[in-house]
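Shared between the two complexes below is subunit A, which has subunit B as its partner in the first and subunit C in the second.
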Partner chain A sequence: MLEENLLVVFSVITSGLLVGTIFSVVAAGLSLIHGTILLPQAANGQVFLGAGLLFWLFGTEWEWPLWLAVPTTFLIIGFLAFACEATILKRFYPLEDRNISYLIITLGIAQILSGIYTGTFGRISDTFQVTAPVNGFAIIEPVPIAYTRLIAFVLAGSVLGGLVAFLRLHRIGRALRAVFQNREAARLRGIDTLKIYRFAFLLGTAITTAGGILFALAFALDLTVGWTISLITFSIMIVGGPGSVVGALVVGLVFGFTQAIVSVFADPTVATFAYLLAMLAMLFIRPSGLFAK
Partner chain B sequence: MLGRFLPKLSVLVCAMAAMAGPALAADQPLKVGWNSELSGVWTFFGNACLDGARLAETEVNAKGKKIDLIVQDNQSNPAQAAAVARSLDTQEKVDLLSGPTNADVSLAVYGYAEDAKLPVLMPVAAFPQLTKPGTKQVFRMEPDAVGWGYAAVKFIKTMKSDAKIGVMMSDFAVNRAILAGLKYQAERDGIAIVAEMLFPQSASDATVQTAQMKAKKPDFVILAGGGAFDATLTRQMLDVGFKPEQLYHPYGSTKQIMTWGERSIGSYFGTFFDHNLPNLTEQGKAFVENFRKVKNYPPGYTENYCYSTVYLLNELVDKGAKGRDGIRAALREVNTKEVTTGVPIRFDQNGARIEYMYLMQLKSLSKDDFKTEKVNYMEWSPEVLPVYDLVR
Partner chain C sequence: MRILVIAMVIATPLVAIFGLRNDFLVFIAGIALIHMLWASGLNLLYGFTGLIPLTYAGIAGISAYMTVHLVMRLGLSFWLALPIGSAAAALVGLLLSLPAIRLRGFYFALSGMVIQSAFTIAFVYFPAYTNGDTGIASVPRPTGFDGGAIPSPYMECVLALFVIAAVAGIGLTMRSRFGRTLITIREDEDLARALGINVTLNRTAAFIISSFIAGLGGGLYAHYIGFASPRAFDVLISLNLWLMVAMGGRGTLVGPLLGALLLAPLPYLLVQYTWVKDVIYGVAIVLVTLFLPQGIYGFVLKRKART
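Entry: the complex of A and B
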């Protein structure tokens, strides 16, 4: 019995960590974009799903090696993000109240992407399971952890760590943070805010893409997952504070662990939505977001 | 001159048209309004079904057009499905409806059809209320889902008479119906349900629940995740140490099975058609090959039901059924066999099909194919279970 209980306890830890870090990665991408450009990227779930689907297409359906499948996925989504920013999004930069315009535009983009996925991938299958690049388990007695999930967790942690380091140590990262904090002051200090906007959008999209790939590695995809992840990551961003990567990390982990811990005591439906209760509790304590500046 | 001749000519033309009328009508193909999920979240099933139906349509029309599928997209949306049903009824004036593959959409079509007195032959729809008592217009090819739970228990009982089972399912209408049948029959057959977990449709991870299930030590676990979650659930069960022989899926479609992974070889599932069945007819084998050539994967029960639906309608046409009343009457009297497997097709007074299920074991799995072995086959009457009391 002790072994079974240990299995449950360790499964809470592994589930909380893995789900939490992947949530955090996607939320960090969203938060970066919103914190910099004031763009509530409602299409982030569909970008996330698109990344996972392309990764599945190249790596599993077409059997490309990882070294080709992963960069190609980033390149395609990066190109689309660049085109979107250059043709649509940048036109709204001069407007102060652009939030609602962006929300409507990105909701439209989300619907278009969703329609494209159902018309293309939806004809191939209803479930997209990436072939594991590495088979087997790491056994941390008594818990077996699939190598792919372990890899996904390590990579998700690396993405978040790399992003925090970039924002703190790199010149462009510091410029980004300056724009988060005060656009006018940043401009007066000689920062080209329009370039920073473009960079933030591309970086945020790249991070969301990484999240989609990691999720596809750790779990499986269907065409509804984009909307679910959108809701979760918006919640994380709001609670963590728009623009705060640390906020996304902390709140993502809180959400992941809340879901895992509640699973032990309540049925899976309650557990899956427990993060919403966690969100309300945290907003009650700090309505502007835990790490908002 | 012309003025005197014209009235006589018009009378002659009318008389000729009147004589030709019945002959033309006799040659009219059966107009089937295909109300299907060609976009939206059920796109894959709608298109897979239509692929099977189109294949059959091409075959039966090879020597003259007998069946005309008039296809419209319901966008996987019940409200749109009702609108499509109305359009097919009033604009296209179809002889009957068919095509839905999803419970919610099928229920919307059911509502319209019963009101408009338009016959429907549902190819893939397992929700029991589609053939509830008093149903006059709707017939369905797929046995109701309560029976799938019944079959699961009966099968497990053959494996271990006092088995303990666990249940892990996504929470949606069809799975609830399966669970109702499963619980009903488990109680009667002395099969203990040691854990029952229903997941919301948005669930993507079951790490904790699979560990909890492991702690309950069931002999078998019934798994029915929705969409991608089914693949995740299956893999996570194997991760925590369940043997594939302990896993039973109450239903398995081709693409679904292909996502379970090689480690699931040895697991069991229920189905209504499998390309490895030993009892495939010659036409069934040809269907498998022809479908595979077009789609690069073997057909499963969805594709087969849609293919067989068109052939059933073709048989009714061959027997002289025409018009809405004729088709409805002919469907009530159907006593035939599925062209691909020879499984009987009969409907009860509510349009429900005589229940049956194949129990299969997965033997091998590759990217584009899988091998299975039939381990059991069951047939039973829908009246064996109080289906409409269990699922309201």
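Entry: the complex of A and C
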């Protein structure tokens, strides 16, 4: 009995860590975009889902090797993001209160994408399980973990670590942080804010794409995941503070563990309900979030 | 002139009803009329007060479930259940949105999106009242004076009366002092405060009226199509009702009617391919925001003003 309880505790910890890290990655991408461009990317869940679905299509359905499937997914989504920035998003940069237009536009894009997925992938199947590139389990302490989940966890952690290092150390990363601390001052220091905006959107989208691929590697996908992820990552961003990668990381992990613990006792939707309440409370009390400077 | 345009727009579905004598087209005309009612109510908040209520469909949903519950479980008359359900929905919406009403543009819309998502989850996870994702089927049609269900061409006329009443009510409201106050708030919130206008109070009043109309539409919708499900009242529906107002022309009486007439029938004409509707609506949202922020009717008005 004690043994069994211990097993439950450990599996909660491992799945909480994995889910939380993936949440953090996607929320960090969202937060980066919103912090820099004032663009609440409501279609981020659909980008995430699209990445997972394309990865599944190339890697599992068409049986391409990983070295081809992963870069192709990134290229396609990167191209679409680039086109979207150049044709739509760019037009709103001069506007002071552009975030409301952006929210509506990205919701519209989310509706387009979700319609397209239903009309294409929705006809193939209900759930999409990526064939594991490696089989088997690693035994960590008492619990076995599938290698794919371990790999997903390590990679998600590296994405986050890489992002933090990039923002702190690299010249462009520092320029990016300068823009979200103070647009005017950054411009006066000779930073080309428009280029930084484009870069931030592409980087944020790439991070979301990575999150989608890693999620598809660790769990099965279905077409409702897009909306759920949008809700969860928006909650994380608002609670953690838009623009704060550390906020996304901490709150993402907390939410991941909440999800894992709640799943033991009740429907995971209860957890989603809790996120929404947390986000609402934060919007009313302190819209700048917990980790804002 | 404006009255004439409004009459023509409302008459279009009525012509479909009496002119074509086709059951399916009559049904679509009824759907368009309900969306006209919804869009007019949303316009009071978005067009005239300047707030985007992404909770709108959720509030309509609360009223729909409440009305259905009162009629099917407690045996109340539809015409008694409808105002009760609508008032209850407006009250619930108000209680949840009260803190949000103080927030400006973007944060109001975002908290609306959150509250709407919470509504959707609640609709799915309280199956005792909503029957979950399956929805409640065979909801009876509203009853007439003889106690039987109102048959089809007459039911649509009742819906048209609701639209006319709502449009007339909103038109009169906007001519009153209250209506002008709302427009002041929309144009410049800081100026309104400086003039001594209680912004929160006036917004709250607009929110209640708008939610009540949402509730009326919700109750009518569930009993008209005979079905209530969470998907009929989710965030995309709020967004698409917003689109009807924005595409038709925000802040005008004609705009929302026009938008609803153009967009509402689409999902029912594309029953086999509902995903196509999502793509069309999504593209319309992007295009309207980019190129036609004042909507079709607003564009026509501007053209006319120039010549």
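Here, the second predicted complex is superposed on the first by the 266 of 293 C-alpha atoms of A that agree within 3 Å, B and C clash if a C-alpha of one lies under 4 Å from a C-alpha of the other, contacts with A are read in each partner's own complex, and residues count from 1 in each chain.
The rule is simple: contacts are C-beta pairs under 8 Å (C-beta built on N, C-alpha and C of every residue); 3 or more make two chains touch, one makes a residue touch a chain.
Keep in mind that what you see is a predicted model, and the values were worked out from it rather than measured.
**Q** Based on the superposed arrangement, let me know which partner A:112 touches: subunit B (first), subunit C (second), both, or neither?
**A** second
**Q** Applying the document's definition of touch, where does A:40 land relative to subunit B and subunit C: first, second, both, or neither?
**A** Second partner only.
**Q** For A:99 in the superposed arrangement: first (subunit B), second (subunit C), both or neither?
**A** After superposition on chain A, A:99 lies in contact with subunit C alone.
**Q** Once the shared chain is lined up, is A:283 touching subunit B (first), subunit C (second), both, or neither of them?
**A** In the superposed model, A:283 contacts subunit C only, not subunit B.
**Q** After superposition on the shared chain, which partner residues are touched by A:91: those of subunit B (first), subunit C (second), both, or neither?
**A** second
**Q** May I ask you to decide whether A:225 touches subunit B, subunit C, both, or neither, giving the answer as first, second, both or neither?
**A** first
**Q** A:122 contacts which: subunit B (first), subunit C (second), both, neither?
**A** both
**Q** First (subunit B), second (subunit C), both or neither: which does A:169 touch?
**A** Neither partner.
**Q** Which parts of subunit A are touched by subunit B and by subunit C alike?
**A** Touching subunit B and subunit C on subunit A: residues 115, 118-119, 122, 267, 269, 272-273.
**Q** Could you pull out which subunit C residues touch subunit A in their complex?
**A** 52, 99-100, 103, 105-107, 109-111, 113-115, 117-118, 121, 124-125, 235-236, 239, 242-243, 273-279, 281-286, 289-290
**Q** Can you list the subunit B residues touching subunit A in their complex?
**A** Result: residues 39-41, 43-45, 47, 171, 197-212, 214-215, 227-232, 235, 239-241, 255-256, 259, 261, 367 of subunit B touch subunit A.
**Q** Across the complex, what residues on subunit A touch subunit B?
**A** 1, 4-5, 7-8, 10-12, 14-15, 18-19, 63, 115, 118-119, 122-129, 137, 144-146, 215, 219-225, 228, 259-260, 263-264, 267-269, 271-273
**Q** Quick check on the complex: what are the subunit A residues that touch subunit C?
**A** For this pair, the touching residues of subunit A are 40, 42, 88, 91, 97, 99-101, 103-105, 107-116, 118-119, 122, 231, 234-235, 238, 267, 269, 272-273, 276-277, 279-280, 283-284, 287.
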